[in-house]
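In the part that follows, the structures are each spelled out as structure tokens.
The same chain A turns up in both complexes below, where it pairs with chain B and then with chain C.
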Partner chain A sequence: MLSSPTVRTSLIFVAVALFSLLFADIAITASNPWRDLGNFFLGVITPNFFSSEGLMTALLRTVAFAFVGVALGSVCGFLLSLVYRFLPVRIFCAFIRAIHELFWALIFLQFFGFHPLTGVLAIAIPYSGIFAKVYSEILDEVDPEPGRLLPPRTGVIAAFLYTRIPDCWVQLRTYTAYRLECGLRSSAILGFVGLPTLGFYLESSFSQGLYSDAGAMLILFYVLIATMPLWVRPRLLPVYVLGAPFFLGEGLPIVWGNVERFFTEDIVPSPLRDGEGLGGLVPWLSELMVNEALPGIWNTVILTQIALVATGILTLLAFPLISNHFGGPVRRTSGHVFLVIARSTPEYILAYILLQLWGPSMLPAVVALALHNGGIIGHLIGRQTNTIRLRPDAPTGFNRYSWELVPRVYRSFLAFLFYRWEIIMRETAILGILGIYTLGFYVDSAIQNIRFDRAMILILITALLNIGIDTLGRYIRRKLALQTMPTC
Partner chain B sequence: MSGFDLTGLTASFGGERVIGPLSLRVKQGEKVALVGKSGAGKSTLIRLIHERVNRESSLVPQDLGLVNALPVFHNVFMGQLDKHSTWYNTVTLVRPFSRDRDEVRKLLKELGMSEKLWIPTASLSGGQRQRVAIARALYRNAPVLLADEPISALDGPMAHQVMELLRERFATSIVALHDVEMALKYCNRIVGIQDGQVALDETSDRLTASDIMSLY
Partner chain C sequence: MALNLIRKLMISSLFCFTAASASAETFVFTAIPDEDETKLVERFKGVADYLSSELDVEVRYIPVKSYAAAVSAFRNNQVQLAWFGGLSGVQARRLVPGSEAIAQGVEDQAFETYFIANTSTGIKPADELSSLEDELRGKTFTFGSKGSTSGRLMPEFYIRDVFGAQPEDFFSRVGFSGNHTRTLRLVEAGTYEVGALNFQVWEKELADGNIDTDAVQVIWTTPAYPDYQWTIRGDVNERFGDGFKQRVTEALLNLDDQKLLESFPRSDFIPASNDDYEPIRKTAEEIGILD
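What follows is the complex of A and B.
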């Protein structure tokens, strides 16, 4: 067993996570965490949908921002995917998708303020980068033969429309619909930095201890996502996309002076701004690295590795919940509900709730990341086991799990896990805004102190770290010959 | 251009030569049947010729090269994408013009499947898909036909109907066939391929089926 490369890789990652645990700050610091958790669940089962009209407005804004952001992102991403083979385009796309939506929102907030454009661009920009990559992968999969058979003087556009698009239209549509679901989650959490979406409503309900209001919001959010197949219809899409811009809200007007100041003064490193020249830049940079960047990177990496392994363990525990090879319909139904809730809740919201209940430490972040990502991968692996036909006399119970199913799905399990590695790291960094000492914490503090030059450098470092992990993840997947589709 | 003279045709696969070097000279009006065992290099030779004549030919490849998600009409119409402007082609993708509709329907009628005009090719049977690829080649209307086993999935009468149509519409053609009777009936020159070389080259009126069988 130990000679298998997949098992060895897994054990190395488990060892790294255990080592990281030695340095991680895992604790429950709240004075009465279980009472708070109980109150919260009481709130969820006694939701109050009528406390204020703010809830419905927040829901509408969440949908509107998601539609405009994702639509813009998919159009730009599609155009970028056509030129994705050029290295500068690939690097550009890797860079813009390595920066989390919330970081983009924090940047735009500094110069556009609470204008709808801030929320739209915060979604559209990173999504363009993601769409460009996945669309180009889908387009590359198309059978090249029909294109080769065309008459020699066929126009490029006609050839593209006839031989490339129809073949992958279904995949493009499925992926875009999946991204729309992600867009709803992104849009919801933009509320945490002050945009008028669900996150804003959730934060204010929580801070006032209105758990029933928060519960109502969460339930509406699940219903919204679970019913997407019903209300997102191809024929209705143009109506939504054209109508959504009118429901973004007024916001505050853009002050163009702020925009100019941001680019010409605020983000210029302070030694250069103060005329100290390049000589002043080195101590400034090294001070930033030692006091903020390095601790931020260390905590981000530690938390990511623990969360990655926790996600893996949770996935392996959770997938039998929806697998046809075990148990009765009642358990499978509740298993479905659990996994749908786990994967529909943005990790940021989960982390926020757990942080409120358990107090600040890395624990809420680990649990939130593991629940959300474990829910996603567990769902995919569980569905995959349903396509496996076992021999009639196959063992049952735990033996069936450990001898028949896990060995069969282990490779795709690892593929999905390594695919999400970079996503987990991006989220880990952003959870710093909630007060965990990852890179996001230092970015947020720099912004609070109006030191945008430092914030920009830290965001840049975060992006590079994500690109590095993405590259490493792809290297490991290739090394272990793990295949995966991008829809995860 | 309708006849051609090709020399030094070679192809290698994984470092191993599968075709040639061989020369092939085809005059206008010649209908060449390529015969030989499977794996002899007939398909490779057809691909080579297709590239050497700068794709100025109506090609029916063995794997057909259909866009499965598109209906029959669009797969056939693709043969003349170079004849129209981009906007015309784009509009046709959404809503074909009646002139083109009639023309393609007429063509499909001759192939006995005009009722399938708007069915996506993915949901057709093997023989129907093969006829769509043939219709595309006919619609393309190039001076030379290059076809790789174009009737392998068609039953008796339909196979004869298709071969008759191809003989009638293309002055010059090179067709790979495994059915020796068909080759003798519809082609006027037989080229036998063995181990990537020309092993037989004769007009069909001087050959009988048993002469050809020695290649197999």
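What follows is the complex of A and C.
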């Protein structure tokens, strides 16, 4: 078994995670975490839907920001995907998607302030980068044969529209719909930094211990996501996209002078701004690296590795919940509900809730990342096992699980896991805003002290780290010959 | 075809933004989110109504999620007036030349920070912070917001000054709860053993019967320092007419609605000036929060 490269790779990652655990800050510091957790669940089963008149507006804004952001992102992403073969475009896209929506929002907040554009761009920019990559992967998979059969001098655009798009239209549509669901999650968490979406109210009620109010918001959010197939209809899409911009709220007017000031003054490193020249830049940078960037990188990497392995373990435990090979319909239904809740709740919100209940440490972050990502991959793997046909006399129970199913799905399991490695890291960095000492913590501190020059350098470092992990993940996937279609 | 349609929709939606950004002159103000949001919204909606009737312009309060967001909104001229803490006020006035501190609460001339501890730690109240050194070392500790004067700046200053160490090195775990009410709840629940908060928040919660005094108690009080104030931008007269700044100042100083004042809680508002906050600026520079 050890000779198998996939097993060896897995064991290396488990070893790295165990090593990381030695340095990780894992603790429950709340004196009575279970009572708080109990109160929270009590709140969820006694939801109060009439807590705030703003709740319905917030839900509407959440949907509106998601629609406008994702629509803009998919159009830009599609255009970028057409030129994706050029290296500069690929680097550009990798860069913009390596920066999390919340970081983008924090940047735009500094000069657009509370204008709807802040929220729209915070979603549209990283999504453009993701769409560009995935759309181009989908387009590359298209059978080139129909294109070759065209008469000479067929226009490029006509050829593209008639020979390539029809072949992959379904994938494009499925993926865009999936991203819309992600967009709803992104839109909801933008409220945590002050935009008028669901997160705004969720944070307020939670931090005040109003669990029934918070429970109502979460339930509404799940209903919104679970009913998407009912209300997101191809025919209605133009109506939504056209209507959404009118429901973003007014916000506050943009003062354009702020934009110029941000780029020409605020983000210029302070030694340069104060005229100390390059001589002052070196000590400034090294101080920033030693005191903030390096500790931030270390904690981000440690937490990512632990969360990655925890996600893997949770996935392997969770996929039988929805697999046809085990249990009856009742168990599978509750399995589905569990996985839907796990994957519909943004990691950020899960981490926020757990941090409130258990107190600050890396533990809430690990559990949140594992639940959300494990929910997504578990769902995909579970569905995949349903396509497997076992012999009628195949073993049952644990033997069926460990000797029949796991070996059959292990490669795609690893592929999904490595695919999400980069996503987990991006989230890990952002969870710093909640007070875990990852890169996001230092970015947030710099912004709180109105030092945007420091914040920008730290965001840049976060992006580079992310691109590095993305590259490594792709290298490992190629080395192990793992293939996934972009589904998550 | 479909793509074309989507593109057109996107372009038209961009126009909608530009249209939405031109709105009538509304006087907008904000406040640092130092307490539970419900309380803040209730309090400042009252202030907005009061100012609106006194000034004959539309006045709007916008809630924000962080101290820095309040400072940025003020700096970006999206709000023209703000209820700042000592530190956020100093930051804002440095960033907006011409802006002025115009009013403060009577209590803000001599503000205090309370260090509080969960009773399970067995720490007894003391007059001198130095006498608590052994008991406090290695405990878990929470500040309020990163940008708070009473919840971060002053407690950090005294921790460094008295113990000669960075808070991260002196305590086993240092957190930022986000606001004063949170600090109180976290220490009360034992999530953190020790914390530092705005003395007014403590006194008000105590008077309202919201503190379990068997679980948490005050162990030390800092010396007095200047804190909260109303700060206004220097260019409001150009936008809202001559003498507007003076009228806002007078309206705030004449505010005598007892219920509204109690919600702050302040007994009265009195004149303030930028120089009143020099001690805060020096302290912030000393511990490296301000350059």
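We adopt the following convention: the second predicted complex is superposed on the first by the 488 of 488 C-alpha atoms of A that agree within 3 Å, B and C clash if a C-alpha of one lies under 4 Å from a C-alpha of the other, contacts with A are read in each partner's own complex, and residues count from 1 in each chain.
Keep in mind that, in the parts below, contacts are C-beta pairs under 8 Å (C-beta built on N, C-alpha and C of every residue); 3 or more make two chains touch, one makes a residue touch a chain.
All values reported here derive from a predicted model rather than from experimental measurement.
Trainee: Sharing chain A, do chain B and chain C clash or fit in the superposition?
Mentor: fit
Trainee: Which holds for A:Ala293: it touches chain B only (first), chain C only (second), both, or neither?
Mentor: neither
Trainee: Between the C-alpha centres of chain B and chain C, what angle is opened at the C-alpha centre of chain A, expressed to the nearest 10°?
Mentor: 150
Trainee: Report for A:Ala105: first if it touches chain B alone, second if chain C alone, otherwise both or neither.
Mentor: neither
Trainee: Report for A:Arg153: first if it touches chain B alone, second if chain C alone, otherwise both or neither.
Mentor: Only chain B; A:Arg153 stays clear of chain C.
Trainee: Which touches a greater number of chain A residues, chain B or chain C?
Mentor: If we count touched residues of chain A for both partners, the winner is C.
Trainee: Looking at A:Asp167, would you say it contacts chain B, chain C, both, or neither? Reply first, second, both or neither.
Mentor: In the superposed model, A:Asp167 contacts chain B only, not chain C.
Trainee: I'd like to know which partner A:Leu380 touches here: chain B for first, chain C for second, both or neither.
Mentor: neither
Trainee: Taking the superposed arrangement, what is the smallest distance in Å from a C-alpha atom of chain B to one of chain C?
Mentor: 7
Trainee: Can you list the residues of chain A that meet both chain B and chain C?
Mentor: none
Trainee: Given the complex with chain A, which residues does chain C contribute to the contact?
Mentor: 3, 5-7, 9-10, 12-13, 16-17, 20-23, 28, 36-38, 62, 64-69, 71-73, 75-79, 91, 95, 118, 120, 140, 145-147, 173, 175-176, 178-179, 181-182, 185-186, 189-192, 289-291
Trainee: Can you name the residues of chain B that touch chain A in the complex?
Mentor: 54-56, 59, 61, 63, 65-70, 74, 78-86, 89-90, 93, 136, 140, 142
Trainee: So in the complex, the part of chain A that touches chain B is made up of which residues?
Mentor: On the chain A side, the touching residues are 143, 145-146, 148-155, 157-159, 161-163, 166-167, 169-170.
Trainee: In their complex, what parts of chain A are in touch with chain C?
Mentor: Checking each residue of chain A against chain C gives 29-32, 36, 68, 71-72, 75, 78, 109-111, 113-117, 120, 192-194, 200, 203-204, 207-209, 238, 241-242, 244-246, 248, 250-255, 258, 270, 359-360, 435, 444-445, 447-451.
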